[in-house]
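Here it is: the structure, laid out below.
Chain IDs A, B, C and D follow the sequence of writing; residue 1 opens each chain.
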């Protein structure tokens, strides 16, 4: 099933801590009133200019195998290649915060409001991630209602450009998903426009299938090792 | 029950005929390629910059009586005063297309793109109306699922500033509904910001309660007599 | 002079690119800029305005014609004298204080420019002082005020009163318009003119200036 | 000179209003603008940069300090000589062709400006010709290039090759950076410097210019 959804701006506004975290501030460190004010201003701008929306569509394991194969330039082995054949459901997704937000960030940079612009950019990146979390929830809920998932089912997102899935995979993904309907387009270099957009596959399955260790060939070059946190959260969050 | 919803930009894009109609072009008249191109450009701008969202909340007849009374400056008699006590359900609503769209229209006017700006303004007005239609549908569907409405139930919207309901009624309406959550604010003069926003009450009930003739004291000053079309559509549309 | 007729005809059809290049051709033929403006561009807009008032064409076509007119004026501008562009009169327009609606006012501005008036658009939520000060400083002939809310209509009256207070009511005429403004209300508040729509507003200004 | 120390301290805390007014006071006391710039504003930013590199403070505070610095520079600007503001060197920055990410590049620009360099920011999706032409015409000391995509990294190499082709590689040095760019890749493609983050990029430019 394919679904196109509008997401409320208010539901993707990140916490102050998340925004500061995205700027490299360690959790729990006091930043003072001025920084708090700057984050608050950035979140106001975000609420005002963000127009989150998303699209999801179910694909079979065979269909996804073809999409993942893409232009045959993925790293092998890769965690996703080992995980997706064991998934209960595979759901292509894309989400965007819309063009006006990106234009607002660019305008703030252009007029010299560098502090606010940088903060808004970080807040928008977090908000795009939260749009993904929102889609995870929608897809999980739908799968549970439809009986394709149970209380042990967990969702994890993978995107072209990460974890061995080559960025050129965007082409096959876009062809199958059609996110142009929500205003997301692909450049010749497989970048999404507007910039604050995300895409990939939501993998549904029991917790066990999502687990992997970060010792793939490409992991040493990964600046974040974010997979650790994401996998850990799967075990902690209640269904 | 109170609900806040994101609406997809794609679902509130009006037809070319509706946009031209809003500019005073009679239905069916050929406007030529250049005008078609201008409308298409305006609809592209609308899809890009509009971020429709809405809020609805149920109120009892007594609650609505107090809200409608407002600052005691409505015209009497008025159609709504006679209709709402007979309603099956009363649902306060507000919807907006968001601030970036209004800013885009203003920017087009400011840089001298008067033709596109005027067309986009008209398209946005129609789109705001369609956001209202979208909320009608949501509310009707919810009421049917909840058993408060049946196949004969119809929805009609009323707004402060029209049909004898004084514009100052916005104050009581806003206090009860809280549309600030979707980014809509009231000026001292009871205008909504952003400008492309709508608010009022959705009246649910059988077709009969919605019917009235336009012979109230204020009807002679009404430039549109739009009530005729709206009431007529209630009898024509299938549930 | 065939070319001026062509410019007018192209303008009527909203062909902005063609109006621009033909206006340039007319300049290259050493026709005086003022003549091209009046007998080409403004002549075309005059026809467009007349057809609009006759409900023969509608707003979208007027907008396209106005866009074509702008394209032509851009070519002529460096060659026109300071007063050529507003020889027909100067109008200050705006939406009155408290009102944020400006689409009607914008249309009036488009129509007045197309009819050869110089338009100073103060935008929306304009105070009485701003209307009057601007009119005085710019030497405007007319102040055009728009309101879409009944609650903001009294603000129109304030502008008219302020003009009288300052003794400017004989040199600066006033025109009011907007959905809730009736002819009765306009004369009651002492406005010199009443524009019930954008097309009519041009006629109204012509009478006030003429 | 107490006031210059105060300006530096206020700048470190990101107090933009206070930096502006104290900079004005320093001007009123007839202190030379260049001295205020160097011993007040830039001295404060130097501390901020050092603390940032030491992970003692984080990006948000750097941004606030940079905002305070801009406030002060605005006061000084009319009184500074043409070369004072970029006496430390001139850097052309941009995100290479095909890449639309510019936040990292923007941060580098903020840090470089704060360190007293003149920054010419070409934005994103910048062609090799544009980098090289701008550097030549402006007499820049360094070209700083950013990429976030592995696929756009070859575009960096093109800039370096074009500089060599035009015989500019001795006068204009190159610095590369961005998430996928490693030190190995930087030296492999023949870049003169490698900035692994925004703070480090300033050090890198200092070495290239010094």
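Here, a residue touches a chain if its C-beta (ideal position, glycine included) is under 8 Å from a C-beta of that chain, and two chains touch if they have at least 3 such contacts.
Computed from a predicted structure; not experimentally measured.
Chemist: Treat chain B as absent and tell me which of the other chains still form joined groups.
Modeler: Connectivity without chain B: A, D | C.
Chemist: Using C-alpha centroids, which chain lies at the maximum separation from chain A?
Modeler: Comparing chain centres, C lies farthest from chain A.
Chemist: Just give me the whole-number Å value for how far the CA centre of chain A lies from that of chain C.
Modeler: 51
Chemist: So, what's the distance in Å between the C-alpha centres of chain B and chain A?
Modeler: Here the centre of chain B sits 35 Å away from the centre of chain A.
Chemist: Taking the mean of the C-alpha atoms as each chain's centre, how many Å separate chain C from chain D?
Modeler: Centre separation, chain C to chain D: 50 Å.
Chemist: Distance from the CA centroid of chain A to that of chain D, rounded to the nearest Å?
Modeler: 31
Chemist: Going by the contact rule already set, what residues in chain B reach two or more other chains?
Modeler: In chain B, no residue touches at least two other chains, as defined above.
Chemist: Please categorise the chain-chain contact pattern as a line, ring, star, complete graph or other.
Modeler: Basically the chains just string along in a line.
Chemist: Which of the chains touch, listed as pairs?
Modeler: A-B, A-D, B-C
Chemist: Which residues of chain C touch chain B in the complex?
Modeler: The touching residues are 13-15, 58-61, 63-64, 66-67, 70, 98-103, 106-107, 110, 149-152, 179-180, 182.
Chemist: What residues on chain B touch chain C, complex-wise?
Modeler: Within the complex, chain B contacts chain C at residues 20, 23-26, 29, 31-32, 34-35, 38-39, 109, 112, 114-115, 117-119, 121-122, 161, 167, 187-191, 193, 195, 221, 223.
Chemist: Which stretch or stretches of chain B touch chain A in the complex?
Modeler: 4-11, 47-53, 98-101, 104, 181-183
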